[in-house]
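Read through the structures below before going on.
In the two complexes below, subunit A is the common chain; its partner is subunit B in one and subunit C in the other.
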Partner chain A sequence: MELFRLTLASIINRKTFAIFAVLLIAIPFVLPYMTPWETKPSIIEPARAQAAWWMLWVTAACWLLFQGANIGDRWASHGILEYFKTLGVNRISQMGQLWLACFTVFAGMILITFGISTFTAMPGDPIEAKHWLITNCQYVILFLMVTAPLLMLSIALGTRFRGAAAYAVTIGLLVHGLFGIRYLEVFLADNTSPLLNFLYVVSPHYHLSDLTSRLVFKLGSLPWAELGNTAVYLGGLGLLTLAFSIQLYREVK
Partner chain B sequence: MSRSTLISALSLAASGLLLTVVGSGALTKSSQLAAGDNPFGIYRSAYGKLLARLGETTIDRIWHLGVEQIVPHYMSGESHSTAAVPKGTETIVAQKLPAKPVIELAKSWIQKRVVSQHSRTNPYSLSDQHKHRVHKDIEKLMSRSYRLDPTHYGAYNSYNLFITHHTFGGTDESRDHAKVLGEETIRYIEDENEDAEVFLTAASASMNLFIIETEDARVNQTPISLETLQKYRDQISGFLTTFEKLQEKAQDSGVWDNVSTDRQVEIAQRYRFSKKTFGQFDAMIARAENPDQVEATAEVAETQD
Partner chain C sequence: MNHHTAPSRIELPKGLAIGYRSNALNGRKETRLAEANNEISLTPGRHLLLARNGRGKTTLLKTIARIIPALEGSVVSVGTIQFVDEDLRFDSEMKPKQIFSALFKKPQRKYALEMAEKIELDVEKPYGKLSKGNRQKVGLIVAETRTQCPGTHILLLDEPFSGLDFAAREAVDKVWSENQEGIVRLVCVHPDEPTLKADTALIIRDGALEQLQVKGSLDWMETKEALS
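For the complex of A and B:
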């Protein structure tokens, strides 16, 4: 686990995570008071949960994926990965250690969001509170199923290309999966083009992991069968992303 | 790459592909794959309300620059009724005014630059096609504001006005759309039990629905049925009563104190306006109930003339 310790020490030493950690805590408590809450104070709690999850997505897009791409690029360029290869640390172990180092810090951020969303915005009614807790747990699971494989991809791309290019590809995939598909649906509403339909089907439907609406409008937890379908789909996408990442990963640049 | 790594990657890819196909099949069956139209729950949320209000400034800017073709009032600081200082008297007026602090002079200097940045120097007006484009842009922005917060008085009413008014490109189809819009607005608001302000939007939507429903009768000068009048009177009365109750509750609990004075005045003005328009219903119902008496009164008035 030498590579893990080295990477983790490097991330902590750079301290950029601290900026996002502060924002993750501050924004959910500040942003709801910028809304017109005065005539309806009960919108503050759902708005807090909403802001907490938005911030986590922003942190995943701006910090996590960038860290992965940057570390992959830096370690491969500086010969660190090649050095560990000569010590007998194989490709999959290297990838696992780099991923774990980034995710160790990010796990703390997920806990912050989960804590704020669950405990500072929980409804008073016991049944609603139970649904709220379950929805937050489901959201964490689905969120991990999207961000964890993308982090692996950003690391692998970073070892092969420049960090900026690796970051651009992974954030592009995330944005397309979260927002781009919605635009594609608008085009498909009055268009039968097989190419667009094919693009729609093979696009990563990351938007399925977005349970923010369920929290904001107190829709209750996702039925377990539906969660299972989504988890199977996102899990499959994750495995595919992992397989591509293993192929793309290079110890030497 | 070693043989074992390659085999791992290939088996991961195969199982990933299998799971993705199985998962997407199940999701397609249960219609879950569609992305929907509310990413991260923004529409109709607290931030939707905020963005709908912020959108008003954009709409205001495009309206004044594109339709009225003047510098927006919030930039120039001048209202429609501001009387211009007669030419040649600016210096005299300026001398009579008390000296401004430096910070105010600096702000005024910046404001003048913003005004000149947006002042029209082209002697020609926008072409009709261009104006039509501007109208459509404004309509799109208003539609977005409405989707962000369907309960917002300004967002609903301005969008309704835009799609029903011929000057702004309103058609018979868009008037049908306005009917759906009014009904949807009322549906969103009906279950509200905290925010008093939204019931003024509901009252306004009900009034708009009444206007749409009785449009033909007013154009053809045929009487409006008593049932229609009573239906809308009861509905609007219900909304205004709920507004009063919720406002009283907010005042008692101290929530009303959170609302700024400007907004309190704005809400009070809207309430007075709604009350005044609602007040006409009793007279209309009285006329509908006793048409003979009304005719007789009219005849007497004509004779006296």
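For the complex of A and C:
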């Protein structure tokens, strides 16, 4: 696990995670007060949960994927991965160690968001509170199923191409999967183009993991069957991304 | 402090050919750089790898390290291989002390810091602010410290002295002499290196890879003539 320790030390030493950690804590407590909350004080808590989760998505897009692409690029071009290869650390182990180093830091950020959303925005009603807790747990699971494979992809792309290109591809996929598909859906309502339909089918439907609206509008937890279907879809997509990442990964540029 | 199971060694069979395979995707043709005329055996000790530019020194090291495949034949090696490239670079923001802490446990870390002191490396200065020679020292220390871990070791060092001044070379030479039991060191050097202490020398000339018994040190005028 030397590559893991070296990468983790590098991430911690660079301290960029601290900026996002501060924002993850501050934004959910500041942004809700920029709403017309005086007219309806009860919107503060849902707004806090919304801000917390959106800040986590922003952190995943701006920090996590960037770290993956940057570390993959840096370690491959600087000969570090080649050095570990000669020590007998194979590519899958290398990928796993790089992934784990990035995710170890990011796991702390997920915990911050989960803590803020669950414990500082929980409804007073016991039934609603139970649903709130379950929804937050479901959200964490689905969120992990999207971000974990994308991080692997950003690392693999970073080892093969330049870091900027690797980052652009992965952030593009995430933004398309979260927002682009929703626009595509609106467009497809009045259009029967087979090409657009095909694009819709093959696009990664990451928006399925976004449970923010269920929290904001207190829609209750996701039914277990629906959660299962979503998890199977995102799990399958994650496995495909992982397989693709393994093929792309290179120890030497 | 080496904990041996079987002595480390490298065997290069007669007919071993090194170079680059053809690649239909990028249109690269097969490039054959050198071939072993006789069987070559590298046992614990210091072995120099000498050749003029572009004759396959780094390619041979990478072939032994299994980074690239041999064109013909296969290398047999016993021991944990470390290939330390001349261009190996760590995180520019990290200090050497932090790099050693991340890579090694306490006893090895102590060894790394002691070696850093012997070869005059400032372990508190960020890696990115170190000179080329001092960066090379970090790679050398990492490689040398790993030999303190249990097992047998093979060090493949690609031009480790190119950025080091005379005093640093002597200090590294001393460390190697103190820590040579059971370790195969194959050191790629320029033929005009002033210090060429070795047990044997591998020479690539006219596409042939040969092993010379040195027993002490190489005379660089003789080496120059041999490679010309």
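Remarks
Everything below uses one rule, namely that the second predicted complex is superposed on the first by the 253 of 253 C-alpha atoms of A that agree within 3 Å, B and C clash if a C-alpha of one lies under 4 Å from a C-alpha of the other, contacts with A are read in each partner's own complex, and residues count from 1 in each chain.
As a working rule, a residue touches a chain if its C-beta (ideal position, glycine included) is under 8 Å from a C-beta of that chain, and two chains touch if they have at least 3 such contacts.
Values in this document were obtained by computation on a predicted structure and should not be read as measured data.
Set against each other, subunit B and subunit C differ in how many residues of subunit A they touch, and the higher count belongs to B. With both structures placed on the common chain, the touch criterion links A:Ala121 to neither subunit B nor subunit C. In the overlay built on the shared chain, the residue A:Cys102 is in contact with neither subunit B nor subunit C. Using the contact criterion defined above for the overlaid structures, shared-chain residue A:Leu6 touches subunit C, although it does not reach subunit B.
On subunit A, the surface touched by subunit B in one complex and the surface touched by subunit C in the other have no residue in common.
Taken in their complex, subunit C has these residues touching subunit A: 65-67, 80-85, 87-91, 93-94, 98-99, 101-103, 146, 156. By the touch criterion stated above, subunit A contacts subunit B in their complex at residues 31-32, 34-44, 46-47, 50-51, 53-54, 57, 90-92, 178-179, 181-182, 185, 201, 205, 207-208, 210, 212-217, 226, 229-244, 246-247.
Those residues of subunit B that touch subunit A in the complex are listed here as 1-2, 5, 8-10, 12-13, 15-24, 26-27, 30, 32-41, 44-47, 49-50, 53, 194-197, 250, 255, 258-260, 263.
Subunit A contributes residues 2, 5-6, 8-10, 13-14, 74, 78-80, 82-83, 85-88, 251-252 to its touches with subunit C in the complex.
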